[in-house]
Amino acid sequence: MTASRVLPPVAFGIAVLAAWEVLVVVAGVPAFLLPAPTAIAAQIGAQFDVLVSTAAVTGGNALVGLVAGFVLGVVLALLAAGSRLVSDVLTPVVLAASAVPIVALAPVFTTMFGSTTEIPRRLVVTLVVVVPVFVSTARGLRQVQPVHAELMSSLAATPWQHARFVRLPGAVPFVMTGLRLAAPAAVIAAVVAEYFGGLQNGLGSRISSAAANTAYARAWAFVAASIALGLLFHLAGLLAERLLTRGRTT
Amino acid sequence: MSAVSLHGVDKRFGEVHALDGIELTVDSGEFVSLIGPSGCGKSTLLRVVADLEQPSAGTVAVGGKAPRQARLDQEYGIAFQQAGLLEWRTVTENVELPLHVHGMSKARRRARAAELLELVGLTEFAGSRPSELSGGMQQRVAIARALAPSPRLLLMDEPFGALDEMTRERMQAELLRIARETGAAVLFVTHSIPEAVVLSDRVVVMSPRPGRITDIVGGRRPGGGDPTDDPTDLAPDDIEDVRESGTFFAAITAVREALRKGHG
Amino acid sequence: MRSRTPLAAVAGFALLVALWELVKLLVPADGVSVGGTRVLPRTDDAAMPHVWTVLARLGDPEVAGAAAARPVGVAVASGALFTLGLALGGLVLGGLLGVVLALVMHRVGLVERAVLPYVVASQTVPLIAIAPLVAGWGGKIAIAGWAWQPWASVMVISSYLAFFPVAVGMLRGLTSPARADVELFRAMAAGWWTTLVRLRLPAAVPHLLPAVRLAAAAAVVGAIVAEISTGTTGGIGRLIISYAQSATGDPSRMYAAILGAAVLGLVAAAAVGALDVGLRRYRGSVR
């Protein structure tokens, strides 16, 4: 981390914040368009306890959905790797799911499970997470280096040994890449799912209710909390990936 | 009993005639190189012996057994151009892999791996990950892995092809010493004339389209390999003398001429 | 990732339908609750209508009994088209800006070092969270005499979601040519522009296409979410919410609208797929 790498983004960030502040205060940009950073910061200070508790609710939903979706994605990918038929049937459905706006299913789950539980949001997060985890894991399980395949067959290894010694450990970096991609997506899905109704106790609900009450600085404070939560999940995913793929070149 | 014997072996990939009427015997403890231009079928020949390809016609025996049985019984060890180490396993665990696959107890395979790492001079890297090793060291681990089940035959497909010349010459001396210490026969594919000559008792020269044996030239020991000769007649440090000897250059010339003849 | 036969894909979707009907058949009407938490869904006709009921609803009038009302299918289709238009508009706008930013970042190293960390980080944070805030613009500002329309807010949200993946993918693509290729162009005394047009742009295609695919999906989600939070009428997102509010009495209408949203996502993906086919020559292998 040299100064030439750290300095430009930091300087740029400060410059943007300063320009933003000056623009809002001097040019009198109305608050509904963009509140001043200082106003947002003041709201963050004033609302700190609420921010933490709402972030905990949204973060909890994201975490539960992330774990469930991760397990489901890996299991489905293993099934697909084990059987050509399962793969042929499953892959188009998952690929279609990647193009479909999954968050729009939030009202469906709310109708099915009731609007007084967290389950609908968690299900939305689960489905959003399944897609990248499945795609990445399936790719990892398919990509066996030819030299490793030849080695295992020269060792007269059984298919199970081939999976145990080469395919499964070889897929670990791909599984972790899937998790890293899915972690921030889980937060995004958890926040957005709240826009579709249901319980009003998370960050997304607070943003829309603050915006509806024209408390724009407060809404931006909750946006800032969502961003912090997203970064937290991203960094946790990155850390998990680094830890589990140490000493590997790929 | 011979380590490998091939009679009338043919191999076709659709229209491509990869091997045509191959007759070859490798005696136990003998070092034989296969050399020839790209597409001459030398790697295919090795893979037929390893039971990674089935011959279209002819008979193959490895240690007196059918290739499939020989593979199941781990009669041979194999090393490829890429070391092909599993990067999530330590050096020791990579060497242990063949023993692990065949269900040897952990204590016994640890002991055997330690022995082999000693043999290839990598004891101090036992706990390292492959990514921490140089290319030459990785290839030494691959050779140790090939030797793990104490095979009577070592199959090598251009194992030093990706190494620089200095490392390569050092690895050749190492390999010769290891082959002698273990008494294993070696079938070695290469496209380097000096490498084939310096290592081998006999150099098998092949030509492409269809792949066939055009000549067999004696290697560092003039007159070809006679298994009754004392295999320790050449001390490992003598290999540097061999590189500068007259017989070495004579053998190189002989192989080069055979290759040219096969092409013409 | 291509399925061997379209038949298997059809079987996949048929299995989904079968799973839905099976759950409806086997799970009790009021679901299954463990310790006060419902772990299996309610399966009565109000919560999980039959698949065929939903499909049949597409042909019925939007408001039951009203003779003049248009069928639900027409409402859903026109809503989906409206949203598709906004999403594609956002994709084009955001995509072009993303390409421009990538070119600037590539040309000026300082800009890359200053901006790239933010662009990369932006993909990991819920930017879409600000959608309800852009909603406030509607009817309150005017640019050069043109009053800001609610649908413009939707397009803005859609475009900035599409913008970031394209910028990242394009920059990665521009830097993807091998050193040897770049040095060959330098040896031929080719300028920045020639190198860009003849080497870097073609090489960027394999990186750009997956980015555009991501961006298209993001633009669709962005448009739907933005419609909901801005209260823009006319699109599929708003339709889902307004149908959901009366879901207890008429559940299949909401399901029909969500089906429309799914088809919309697939159509947008297919549009990108067409681009993919058009640029096949440059696809090559991603280094």
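A, B and C label the chains in the order they appear, each numbered from 1.
Here is the rule we use: contacts are C-beta pairs under 8 Å (C-beta built on N, C-alpha and C of every residue); 3 or more make two chains touch, one makes a residue touch a chain.
Computed from a predicted model, the values in this text were never measured in an experiment.
Participant: Would you kindly say which chain has the C-alpha centre located farthest from the C-alpha centre of chain B?
Facilitator: It is C whose centre lies farthest from that of chain B.
Participant: Which chain wins if you rank chains by how close their C-alpha centre is to the centre of all protein C-alpha atoms?
Facilitator: Central by C-alpha mean position: chain A.
Participant: What whole-Å value do you get for the distance between chain A and chain C if each is reduced to the mean of its CA atoms?
Facilitator: 16
Participant: Report the inter-centroid distance (CA atoms only) between chain A and chain B in whole Å.
Facilitator: So the centroids are 50 Å from each other.
Participant: CA centre of chain B versus CA centre of chain C: separation in Å?
Facilitator: Comparing mean C-alpha positions, chain C is 56 Å from chain B.
Participant: Check each residue of chain A and list the ones that touch at least two other chains.
Facilitator: Chain A, residues with two or more chain partners: not present.
Participant: Which residues of chain C touch chain A once you look at their complex with the stated criterion?
Facilitator: 1, 3-5, 8-9, 11-13, 15-16, 31, 37-39, 41-43, 46-48, 110, 113-118, 121, 123-126, 128-133, 135-137, 140-141, 216-217, 220-221, 224-225, 228-229, 237, 240-241, 244, 247, 251, 254-255, 258, 261-262, 264-266, 268-269
Participant: Across the complex, what residues on chain B touch chain A?
Facilitator: 50-52, 71-72, 74, 76, 78, 80, 82, 84, 86-89, 97-98, 100-102, 129, 131-132
Participant: Which residues of chain A touch chain C in the complex?
Facilitator: Contacts found on chain A: 4-5, 8-9, 11-13, 30, 32-33, 84-85, 88-93, 95-96, 98-101, 103-105, 107-114, 117, 119, 135, 184, 187-188, 191-192, 195-197, 203-204, 207-208, 211-212, 214, 216, 219-220, 222-223, 226-227, 229-231, 233-234.
Participant: Could you pull out which chain A residues touch chain B in their complex?
Facilitator: Interface residues on chain A, with respect to chain B: 145, 147-148, 150-157, 161, 165-166, 169-170, 172, 247-250.
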